[in-house]
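Next come two complexes built around subunit A: one with subunit B, the other with subunit C.
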Partner chain A sequence: MQTLKLLSAFFKMNVQMSLAYRADTVVNILLNLMWLGWELLSLNIIFSNTETLGGWGLGELIALLGVFRLVNTLMIALIWPNTEKFNQSIRDGSMDYTILQPVNSMFLVTFSRITVWRFWDLILAVVLIVVGVNMSTATTTPLQILTFILLAITGMIIIYSLWIVLIALTFWFVKFDNNVTILQALLDAGRYPATVYPVWLRIIVTFIIPIAVATTIPLQALRGELEMTQILTFILVSIVSFFLASRIWRAGLKQYSGASS
Partner chain B sequence: MSPTIHVQQLSKTYKVPEREGGFSAAVRGFFKRKYKEVKAVQRVDFKIEQGEIVGFLGPNGAGKTTTLKMLSGLLHPSNGNASVLGFTPWELKPDYLRSMTLVMGQRNRLSWDIPAADSFLLHQAIYRIPDNEYKQTYKELDELLELEPLMKKPVRNLSLGERMKCEIAAGLLHRPKVLFLDEPTIGLDITGQARIREFLREYNKRTGATILLTSHYMADVTALCERIIIIHHGQLKYDGGISDLSKKIAPFKLIGVMLAESNSHDLSKYGELVQNEEDWEKQYIQVKAEDVTRVTSRLLADLPIHDITIADPPIEDVIEQAFNS
Partner chain C sequence: MFLIFKRLWQVNWAEQWQYRANLLMYLLYWLVSPIIYLAVWTSIAGVKGEVNGFTANDFVTYYMVLLICDQITSNIIIHTFAYKIQDGSLSGELVKPIHPMLTNALVNNIAFKMLTIMGLIPIWIILFFLFKPDFSGVTLSGVLLSIPAMVLGFVIGYLLSAAITSLAFWTTRVYSIHEFYFAIILLFSGQFVPLPLMPKVIQDIAQFLPFQLFMYYPIQLILGRLSAEQIIQGYIMAGVWLVISILFFNWVWREGVKRFSAVGA
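Coming up: the complex of A and B.
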């Protein structure tokens, strides 16, 4: 409840900040409308020319794209702006005020900035997922859809955890502005189904780089390709990674408080 | 009753990367970093009772900010202990964070692009302040600081003094019982400083809050604090009444002399020459307070004086001198 209240306070504040500069606001709205048009156009091109890719049907591909876009929105609307603010706050010392607030600092650092213009990206992603899942309902059971949703959430948690680890490294290095660039590079590898990659690359993409976990794995669940043990493993992995990430975050905070002056 | 702030043998040692200037040193430093240990705070002890306003003084780099950061919970000490309101600060317990505040004159808490009122509301959410309590506190702060006219402008459009008022108010919305203020009046003009000072005194009177503040301005300290704590090179040098300290250091005055002709006269026979980087036109000598009249009249008699001033030495120099001698 408290968390929701805070999130809505953050959201309101970000809307206020976005509206602070009038010309900037107008440009942003126009830019995002153009962006959206471009995205829809490219989707159209892809699907008017392709029926299957790596043995996946159209509906599944649309759903995959939706999940990918969901992750991408997470990147653009949350991860990029918060990382930028975080990197800056480490160097200018405003991190001090963040630490002294009676709210989990990890939560504060990761949710206080929201790129509100990306809201419709979120809607687009959800629409794609719903449409995709609907198109493939002929072959899917409600249980598969449920695990799909569950694993999409687990995937997000894993990405979130990876992000936390990457930004927590800044506590040690002080200047580590490439932290999100690394994440983005990893994420881009997850754009296509992991099955289109050669086996060795697939192993890296699925296990070494957990981004594919967020995009391909849920889709495999949707196709009913996953065993119960695999599903449970992924859930366990997300719990463990979140736990580890918060430990690393705490260690980072301790490092910060040991080193800054 | 146990003291509000209790500091025992508090110490902090930093490892700071160090290298020579120059290109090759920078390359070498990339591969092999050298570190130097800096003892920022060494075995400091003091107690502060509820409702006290204590001035925390010392030259730049003396360890004031480090101590304040440890007391607010930002830094883990290397050694020693501190308790504030019964909490160990660096455990960062939410209950502790809700009952104290740290205001740093050189850092911004408020968002630049939106009016302070909006940042205040976020603060209310973060500190879970009930609406009626928030309104009451805001009313009181507004009464003391005249915030209302500042609330509607984006923070970036406020003057430094106005912004500082808002920063301080933001730090007090949750009614903290302990206030750590690091240079709250830095950069403000005389009136601005006086207003903040007056506010702090009144706030302390009304709420019984305990205040520990650092400042470069002696006026802040003399106006607000009955007690001062001085640290130098990380060590506690003085803890006691301000009047006792002035007895100890009052003997000195600074005489600034601007000669009508060249500066070729040697002033060192009148008193100890001191540097003053802010004023190149004058030469400064330091003399004992009881000698001021004698030395001044001798100066006036001996030299072609264009301008002469007599002043208290700046607080930093006084402290430096009192404890280096």
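Coming up: the complex of A and C.
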């Protein structure tokens, strides 16, 4: 309950902050539409030269684009602004005030900045997913849709956990302010089904920087390609990684000693 | 003049060397999409045998050469210069008797380029063994012909980016304008896919734009896939765009500096 109250307070604060930059918001939305246009054009170019990409049709790639945009929004609306603030607070010691608050510091650090206008991107992503699923010729059962939603959420949790670990490393290595660049660098790999990548790249985007776990895997669930044991494994992995991440965060906090010492 | 450049080089090299860890991150960031496009198109060509005349190996060699060409012809001036106009720290450079964009910033860009290319070499060799491209189509004359094309591509690209960066004299939204410019490059340079696979309209327009000089044109020169007629046409367009970009940059810069002093920063 307290968490929800805090979230809504953060949200209101961020709305006010972004209202100061109205013209910027309009320009950003236009640019965002431009990139959507480019993404659809590039899919059109691919599918004017082939019928399937690694066995996936146009509809499925549009749905994948939607899921990719969900992860992308997580990255731009939450991960980047909060990381920037966090890195700054480690360097100048303002992290002290965050720790003094009577709330879970991990929650505070990861949710205090939200790029509010990006919410419309979420709507766009859902539209893409719905349109894509309807375009695809394969029939989908309600169970497949359910596992798809479930695995999309577990994928996000895994990426969120990885993010926590990456920024927690800053407690040990203060100068490590490139902490999320590696996530961003491999993000583009989520645009296409990981099954078309060479094995070494597939291993990187599945096990090391698990972008594909949040993009390709949910789509595979939608296509009914995953077995029950696999689905359960992903759910288990997301729970374990979240647990591990919060342990590492706490260990990192113990390491933190302010900026002056 | 030579002495000035020598000293500028020493300063900028030392400055960039300091950030070598950042540089490696940048390199990683920028390597990923060409490798993904490579994977996507070789997968399609692998299934169908060929796409519009391009075999899987044609795609591998195209993107492998693209990694090098892009690194040579691209620049980062928007990131290293626009903020100087916005926060006024350009004043200090304006009183020096040398052009800030065509000396210091240019040398800084080249130093950055040298370091990223040094970082790229080992990665490129690893990729070479992973993808095993067949470069038998490459000829010495093709490589030699591509060198002036890449230099022209870099100069034109640098002048155009410098002109866009100079728009910061007028607007704070210069990064948004640059993002738009970036999308235009993506569309017309052959970065996403070799131009013959793009829609006909885009191909037709691309012929008359400078952006194919950044990637498609030098890549195809190296791979020896252009006819004599196409080579001549490409160089004529490069000459035309060199003149246009020089005039355009000079005009934007001159008007911009006038405004800058009028604000009195």
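Going forward, the second predicted complex is superposed on the first by the 221 of 261 C-alpha atoms of A that agree within 3 Å, B and C clash if a C-alpha of one lies under 4 Å from a C-alpha of the other, contacts with A are read in each partner's own complex, and residues count from 1 in each chain.
We take it that a residue touches a chain if its C-beta (ideal position, glycine included) is under 8 Å from a C-beta of that chain, and two chains touch if they have at least 3 such contacts.
This is a predicted model, so every value here is computed, not measured.
Peer 1: Is A:M13 touching the first partner subunit B, the second partner subunit C, both, or neither of them?
Peer 2: The first partner, subunit B, only.
Peer 1: Regarding the shared-chain residue A:W120, is it in contact with subunit B (first), subunit C (second), both, or neither?
Peer 2: It touches nothing on subunit B or subunit C.
Peer 1: With the two structures laid over each other on chain A, which partner does A:N49 touch: subunit B (first), subunit C (second), both, or neither?
Peer 2: A:N49 sits against subunit C, while subunit B stays out of touch.
Peer 1: Please indicate which partner A:F107 is in contact with in the superposed arrangement: first for subunit B, second for subunit C, both, or neither.
Peer 2: neither
Peer 1: Mind working out whether A:M34 is in touch with subunit B, subunit C, both or neither, as first, second, both or neither?
Peer 2: Once the two structures are laid over each other on A, A:M34 reaches subunit C alone.
Peer 1: Determine, under the contact definition given at the top, whether A:W80 touches first (subunit B), second (subunit C), both, or neither.
Peer 2: neither
Peer 1: After overlaying the two complexes on chain A, where does the subunit B footprint on subunit A coincide with the subunit C footprint?
Peer 2: none
Peer 1: In the complex, go through subunit A and note every residue touching subunit C.
Peer 2: 23-24, 27-28, 31, 34-35, 38, 42, 45-46, 48-50, 52-54, 178, 181-182, 184-186, 188-189, 191-192, 196-198, 200-201
Peer 1: Provide the residue numbers of subunit C that touch subunit A in the complex, in ascending order.
Peer 2: Within the complex, subunit C contacts subunit A at residues 21-22, 25, 28-29, 32-33, 35-36, 39-40, 43-44, 47-48, 51-52, 130-131, 173, 176, 179-180, 183, 186-187, 192-193, 197-199.
Peer 1: Inside the complex, what are the residues of subunit B that reach subunit A?
Peer 2: Residue positions touching the partner: 14-16, 40, 65-66, 69, 72-76, 90, 92, 94-95, 97-98, 102, 104, 107-109, 111, 113-114, 118-119, 121-122, 125-128, 154.
Peer 1: Taking the touch rule as given, give the residues of subunit A at its contact with subunit B in the complex, in rising order.
Peer 2: Where subunit A meets subunit B, its residues are 2, 5-6, 9-10, 12-13, 16-17, 20-21, 92-94, 96-97, 99-103, 108, 254, 257-261.
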